[in-house]
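In the two complexes below, subunit A is the common chain; its partner is subunit B in one and subunit C in the other.
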Partner chain A sequence: MWIYEKKLEYPVHIKSKDLKMAKLLVAQYGGPDGELGAAVRYLNQRYTMPTGKTKALLNDIGTEELAHVEIIATMVYQILHNATPEELKQAGLGGQYVQHDNAPFPTDVNGVPWTAAYIATLGDPVTDIHEDMAAEQKARATYEHLIALTDEEDIKKVLKFLWQREVVHYQRFGEALVDIYEYLDSKNVFDMSIKKEKSAE
Partner chain B sequence: MDNMYFGNMSRSDMMKRIKELEFAVIELNIYLDNHPMNQQALMDFNKFTKELMALKEKYEEKYGMLTNFGYSQSQYPWTWVNEPWPWESGE
Partner chain C sequence: MDQFYFPCMNRMYMQKQISIPNGIKITISRAFVPDQPYTNMFPLDEALLKGTLFPNLYVPYPIKSME
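Moving on to the complex of A and B:
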């Protein structure tokens, strides 16, 4: 069960009409290393985590990622919502206008819609946590690229907040990985596939 | 935390403090997921959560519901539908 909290995790007040930046920001909405993928990735992997701690962590970081989806979509919404069709066209967002008007839509920077192909779930906790650590690093690098492409302080400070969340999540996943190895050691197995073979005996 | 403590705060100050407290609580929450035996982190989590809950209750009394599905009550008429929504206000 989830409830909605009618507030953003971090405030977003974009005064500029930097439409070209909006086109790039969608990378973190519906792109391969974006926030929507992060949320679905962790919330989908939590079912097969081996311990109470790792189930909690995937559940909670997945939930925080939903708040980040909202922050990114809010940035895109605020930049797009007063733009005229002509302004959108001039910013390379003619396709956006034709298919979505001024509404945010989860695609990558080239307009390719979000797909579950961006995420992985192997059901093996060591594999899945490695995927998550890589995902956080990819999202961190993407935020750095976005920060390098704008001088707008209103946009930059939100991107910096989201950037540092990637760093913290990476740290937490790293701890979880160590914990999973310790758990597997305590079960006297090297990896989950051996554990499964044993339990099948 | 009593009403006196929050009495002089403006709406934007209250929302800013809610965001600060919730940020601290999120950080402590995911830390505690990995370190459930850390008593200092747990005490901090409980302390900030107590202040956060009291402040949210006060905010909701004045400005309407922050949470749906039975996590807060509403004055008449139903405040959940009040605008602006977070993506509009940026808050």
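Moving on to the complex of A and C:
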């Protein structure tokens, strides 16, 4: 279970009405390399991690990604919520207004709804951790693209924070990978599948 | 004659592990990320804004104005 903290991991106070940016920010909400995907990916992969430490790592990072979903959704909402239908239409958000008014909805930048097809769970810890490391790099690159597209300091500083978190998570997944190899090489483990059979007995 | 074409079977060239500095052995065909040395910390209030507690993990943003 989770304990909810009624505050954001990083404060979000966006005064700007950069509606075009809101349209782009959803990339990190419901896009293929976004925060929602990250949370669902890690929180599903954690079950098949081989050690308590790696399970805990995916649990913790998956939880933090939920906090990032909240940050992105808040940014999108703060920009959208005072906009008139006409302003939304001008910014290319007419479709957003028709289908969702000013409610955040997890899609990619082109309006394609979030899908579990963006994530993978292979049940093989080495494979899954590689996917996670790639996911962190893809999210980092996406943040860089978003930062390049806005001049609003209010938006940029939040994106920079999230960008730094991707770097930290990459390091943690890298350490976990080395840890997993060490575990698989240890004398009690010959093969992951044998290990699984043993635990099923 | 074949000896010129066969892959070299010298055991020395068959090792999967390669030594890197600090006594660490890395293995070919495996990704390796070094452990983060646990040294030094930012003050907590600063760390919460920077996005990491650890100076050695902190990366100033490539765009000058955002450091």
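Here is the rule we go by: the second predicted complex is superposed on the first by the 187 of 201 C-alpha atoms of A that agree within 3 Å, B and C clash if a C-alpha of one lies under 4 Å from a C-alpha of the other, contacts with A are read in each partner's own complex, and residues count from 1 in each chain.
Definition applied: a residue touches a chain if its C-beta (ideal position, glycine included) is under 8 Å from a C-beta of that chain, and two chains touch if they have at least 3 such contacts.
A quick note: this is a predicted structure, and the numbers were derived from the prediction, not measured.
Chemist: Scan A:39 for contacts with subunit B and subunit C and give back first, second, both or neither.
Modeler: Neither: A:39 stays clear of subunit B and subunit C.
Chemist: So, A:5: does it touch subunit B (first), subunit C (second), both, or neither?
Modeler: Touch partner of A:5: subunit B, not subunit C.
Chemist: Who does A:181 touch here: subunit B (first), subunit C (second), both, or neither?
Modeler: After superposition on chain A, A:181 lies in contact with subunit C alone.
Chemist: Quick check on the superposed pair: does A:168 touch subunit B, subunit C, both, or neither? Answer first, second, both or neither.
Modeler: both
Chemist: Report for A:130: first if it touches subunit B alone, second if subunit C alone, otherwise both or neither.
Modeler: second
Chemist: Is A:160 touching the first partner subunit B, the second partner subunit C, both, or neither of them?
Modeler: So A:160 only meets subunit C here.
Chemist: See if subunit A has more residues touched by subunit B or by subunit C, and give me that chain.
Modeler: In the superposed model, B touches more residues of subunit A.
Chemist: Report, in rising order, the residues of subunit A that make contact with subunit B in one complex and with subunit C in the other.
Modeler: Residues 10, 168, 175 of subunit A touch both subunit B and subunit C.
Chemist: Can you check the complex and tell me which residues of subunit C touch subunit A?
Modeler: By the definition above, subunit C touches subunit A via 27, 30-36, 48-52, 57-59, 61-63, 66.
Chemist: In their complex, what parts of subunit A are in touch with subunit C?
Modeler: Listed in rising order, the residues are 10, 130, 133, 144, 147, 156-157, 160-165, 167-168, 170-171, 173-175, 177-178, 181.
Chemist: Could you please specify the touching residues of subunit B with respect to subunit A in the complex?
Modeler: Answer in residue numbers: 15, 18-19, 22-23, 26-27, 29-31, 33-36, 65-71, 80, 85-87, 90-91.
Chemist: Applying the document's contact rule, which stretches of subunit A touch subunit B when the two form their complex?
Modeler: Subunit A reaches subunit B through residues 1, 3-14, 53, 56-57, 60-61, 64, 70, 73-74, 77-78, 168-169, 172, 175-176, 179.
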